[in-house]
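Order of writing sets the labels: A, B, C and D. Residues in every chain begin at 1.
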Amino acid sequence: MGTKDVRVGIVGASGYTGGELLRLLATHPRAEITVATSREYAGQPISNVHFNLKGFLGNLKFSQLSVDQLIGKCDVVFTSTPSGVAKGLAPKLIEHGLKVIDLSPDFRLKDPKLYEHWYDFSHDAPDLLSKATYGLPELHRDAIRNAQLVACPGCNSTAALLSLIPAVEHRLIDLDHIVVDVKVGSSEAGMKPSIGTHHPERANVMRPYEAAGHRHVAEVEQELTALSGKSVRVALVPHAVGAVRGALATSHVWLSDTSTDELAVWRAYAKRYGQEPFVRIVRGGRYPDPKYLIGSNFADVGMAVEQRIGRAALFAAIDNLMKGAAGQAVQCMNLVLGFSEYEGLNAPPLRPV
Amino acid sequence: MGTKDVRVGIVGASGYTGGELLRLLATHPRAEITVATSREYAGQPISNVHFNLKGFLGNLKFSQLSVDQLIGKCDVVFTSTPSGVAKGLAPKLIEHGLKVIDLSPDFRLKDPKLYEHWYDFSHDAPDLLSKATYGLPELHRDAIRNAQLVACPGCNSTAALLSLIPAVEHRLIDLDHIVVDVKVGSSEAGMKPSIGTHHPERANVMRPYEAAGHRHVAEVEQELTALSGKSVRVALVPHAVGAVRGALATSHVWLSDTSTDELAVWRAYAKRYGQEPFVRIVRGGRYPDPKYLIGSNFADVGMAVEQRIGRAALFAAIDNLMKGAAGQAVQCMNLVLGFSEYEGLNAPPLRPV
Amino acid sequence: MGTKDVRVGIVGASGYTGGELLRLLATHPRAEITVATSREYAGQPISNVHFNLKGFLGNLKFSQLSVDQLIGKCDVVFTSTPSGVAKGLAPKLIEHGLKVIDLSPDFRLKDPKLYEHWYDFSHDAPDLLSKATYGLPELHRDAIRNAQLVACPGCNSTAALLSLIPAVEHRLIDLDHIVVDVKVGSSEAGMKPSIGTHHPERANVMRPYEAAGHRHVAEVEQELTALSGKSVRVALVPHAVGAVRGALATSHVWLSDTSTDELAVWRAYAKRYGQEPFVRIVRGGRYPDPKYLIGSNFADVGMAVEQRIGRAALFAAIDNLMKGAAGQAVQCMNLVLGFSEYEGLNAPPLRPV
Amino acid sequence: MGTKDVRVGIVGASGYTGGELLRLLATHPRAEITVATSREYAGQPISNVHFNLKGFLGNLKFSQLSVDQLIGKCDVVFTSTPSGVAKGLAPKLIEHGLKVIDLSPDFRLKDPKLYEHWYDFSHDAPDLLSKATYGLPELHRDAIRNAQLVACPGCNSTAALLSLIPAVEHRLIDLDHIVVDVKVGSSEAGMKPSIGTHHPERANVMRPYEAAGHRHVAEVEQELTALSGKSVRVALVPHAVGAVRGALATSHVWLSDTSTDELAVWRAYAKRYGQEPFVRIVRGGRYPDPKYLIGSNFADVGMAVEQRIGRAALFAAIDNLMKGAAGQAVQCMNLVLGFSEYEGLNAPPLRPV
């Protein structure tokens, strides 16, 4: 280890989320990347895959996954792997005292049965589920600070939850009729080509997918239920739209009290999120748009109330690869290690892009 | 007049909808364009504005709006004008026996008071409101055939209604909790530049707008109320997304009977739309996407049912300038004149685009 | 055969070019599609692949390639196949009197040795090369009318040639320093997904490819050499840019006579292309842009002369899947069969799109 | 002034380049923004215009341009103004000892007559032209270090020059036949809406503009002439393509010695740019693409040689708002002030975006 405070490993470093972790940690003042694994690209320089990182990260190369190597060379490990991989890997790392920040769904749900329903596998480390902390700092900051295993939320879930937390917490809305309509860019599908992500097919789409029940709804329901103390069910439908990055959750809700106006809703959000380092509230005739968040870890939230019919639209916009994935994971790492949450995450979004 | 059956005038021919009317009528086998007005481009060849139409439409030039000229040279007039213009123009044309196909909002609403609420004007031809026929053939085919004044729906309304008609008609859904989340391409905003449509600002957006109540909801509520016999209120929120053409309505609804499955919903839609010339039902793991409708007058509808929580997503996709504007207007003209509905509208959508 | 004049087969009907042939021929007044082959999708309805064509083409299904079936059921066969396939197939079809319109490179080059250089195969039907007619109607209209085998140009070649023909024919330019810089949309790469066409990687690119020598340059050089009677060599570099459809050739040339002005160049183009049904000349401060040609068989050509340094830019824009592929092939079929060239190709381009 | 080393003013801070200067300087460790002028938005918070910067820059507001204020509150001033403004402003600032980094064309050209030809104005501070340093560090690093007035290159010029410098310097190419074909994203046109930048018109374009002579060619010719000692004339044609950010220069050249191969060209570039902090050389079958530079100050250069005909394509890709504008201006500021060139510019590019 060099002059940095912490040695970091990234498992699954050749995908988009892995690439963003590399990008963020390359300039993080207190973290040094010591291991970056990739089955497909082991032995190759990072910039063979991540063209953007040419000139960064010195001589770091992709390596094959080796638990021993991770244990020997890392203090913290990010697992950016397909569902089902981290649950086999995390127990060994934790046993050896490493901190694990998992970006996969493997530790997000507390109830092991939900994995059978939503992910088609039975969980082989169910005891770890209760020890894992759901990595949304806006809900679980203190727990994350003390966590050895952080389960970072999915990007749809992050946007959905941030749009709803103050409204649910303050019981501003009818909990039985919550609709979350999500729009996402193409990077959410990851780096593996398919006909659905082939540019001629993916450009200009307005395409619903997994419309009869998307996996991410399970974690949204879990967190909102915990927050409200009442069993919350959510209708969540994601849509692929014409962008590379970005996710917008539009939560359509009915107000508990039809006299609630936009100012009252805003006050609840302003109070709840006022001290949050990465949540900004958008007002003044504008609504959140991920376009103005690209490259940053911020989430923009906003609201519109139509008193005529007693309903509201609650919005949260994020960069799906940042606050929806790698940025939030680094934010969690900062908390776990006692760093400032801003460390390595201080870049403003780009505009225009 | 030449060898064609009907002489057509287009008022407001230099905008996008006007351009699409020109394009469609240029190759319509039974219609001849005799007048195309434009305040800004009067005297100029059509292709000075509509570059695509170079070589079409012979020597036709834009002219200044003249009611006398319209009366003298046209049998049918399309009014593709900003809100508030057609209501002054239509009465004179109708008086002289012309058919009027209005693409503006001026005659869509039956209740004149709604214009004060939603459009900030008081209607000066309220008697015509009752005589106007709402130009959605899937709802009012027979009335359109006999109409002298057709009020074509907005593009958001067309998509919203087509997604909901069978479900509302058959009372499959809870009429008190209907959410319509609409996604639209940039052409919906028309041809006038603004900062919101400036390419660097408009590309890649996921941007809600008029989220506290969009005007088009008034006509959607009017038609669904008439259809169901019950006062229906709708939460409708449009979102600008990254595409030039296309509109998708995702109607989020709660099922009246939680035992209703996707097959049952499909059957209701298949029965209702089975004979419709321009409605196609999408199934088999796919959902409607405007991408596969570009350049055509088709609407694709589809559905997803999540029985777990008794909710459904009902989709309708259109090309906003075609089935959402000019194509539907030509479909209405065909009905008004007793032509086949397909006349001039038989082109399949493009793919990929 | 039904009431149509000609029975048509399409070999390789599941790709983008095949899909465009299906789309165009679905509404062609004189042609009936009797066979559409696809290895991968044999037995499936056309609209399983080409979602846009749902409701068109009756019960036509993809079938496995069978020469006997083609011979028995077709008068004309389009071969829309990877390089190397048509050269094995065409001889048998021609032997049985069928007309063959090949959209692959297999018969474009007259010199068999060029196939070894540019395509890595040695041609097994070299005698057919001399009998094949290069399918650019603007160069070989009469020969196409009498051809049994038409070799349709590549899309880059079509654009490159249309930009240069009048200038080379009239010796307006220095034939030793011709640069053709081509920009193309993503559909040019076909329907097979790859990392290079994966939407997150392909969106927003300005990406040169095959920059040290693109195969299409061989046919461009062949045709310009024939046209000028002098051995012409061309520097041709294609660039992938952010669009699905479209190809623009910018030919950078040096004027033979530095007193040549833009009007003189325009006159040469106007004279050469004045009677061409699908070539339009763009002037008046505008230059050709494929954007205004989408969905049509037109080519727009234009020019800019900088007398200060005696150079010109000569432009040709096309829809790469239309005038660059399927549209031009149908134009050739119309010529081969003695139909009007416009038959089935009369649709104006879309705008905006 | 706070704890930062230098006080910075930005004249014209509400446009895209101004916004990027604000973004970069907001996190620059040694610079503090004290003045940001905007005629249109004076008095408003920065984030009213630059939504991305909400939460940054404390209470800074746009102010009206005041020379006295700039002199009193700034050590360095960036002028990001339309052509013709900075030439009136710079003399006063310089007189008071301020450093001026001009991003407009006002001081780029040494010969005042060229302003009459290319910019339609006669220069009123011609003496300053000789004192200004052309702000391309790769050409004039030492001079910039000592400059009081830096004239930053245009984005097209930056890309054109970086693609050509080693080839011209080493006389690898025929200086009489240099063609530079440039592709640019929509942000190059600035923040003012127009029909040409209206999203429905600007999306998906491949659109040549100013094809008969673009202003930026004057500075390219000036610098290449100085570099080679021979009067160099360049054919430069920009094309708008489908992206928000990015500029790619493809320089098409003919090799002086036809035995020069790609390795030899690469060596010249590697040697020339090996120590450059912001130039990266792309090889190995890839060519530069601005897509992989977004948000960073890097330029990627590359080359392809077709020995068959003795020509080469020399590429340089940049983010037009960064290395093509604000990033390069900050790089120049760092040089002027004796800071490390990387200061505030160390962010890797984003991927994917």
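Annotations
Simple rule for what comes next: a residue touches a chain if its C-beta (ideal position, glycine included) is under 8 Å from a C-beta of that chain, and two chains touch if they have at least 3 such contacts.
The shown structure was predicted, so the numbers you read here are calculated from the model rather than taken from an experiment.
Chain centre most remote from that of subunit A: C (centre = mean of CA atoms). The chain pair with more C-beta contacts between its two chains, of A-B and A-C, is A-B. Centre-to-centre, using mean CA coordinates, subunit A is 39 Å away from subunit B.
Spacing of subunit B relative to subunit C, judged by their CA centroids, is 36 angstrom.
With centres defined as mean CA coordinates, subunit C is found 46 Å away from subunit A. Among the residues of subunit A, those touching two or more other chains are numbered 16, 185, 187, 200, 203-204, 244-245, 289, 352-353. By the touch criterion stated above, subunit C contacts subunit D in their complex at residues 177, 179, 181, 183, 185, 200-201, 203-209, 211-213, 233-235, 237, 239, 241-248, 250, 252, 254, 262, 287-291, 304-306, 308-309, 311, 313, 315, 317, 352-353.
Residues 16, 19, 23, 26-27, 50-56, 187, 244-245, 280, 282, 286, 289, 292-296, 298, 300, 346-353 of subunit A touch subunit D in their complex.
Within the complex formed with subunit D, the subunit B residues making contact are 16, 185-187, 189, 191-195, 197-200, 202-204, 244.
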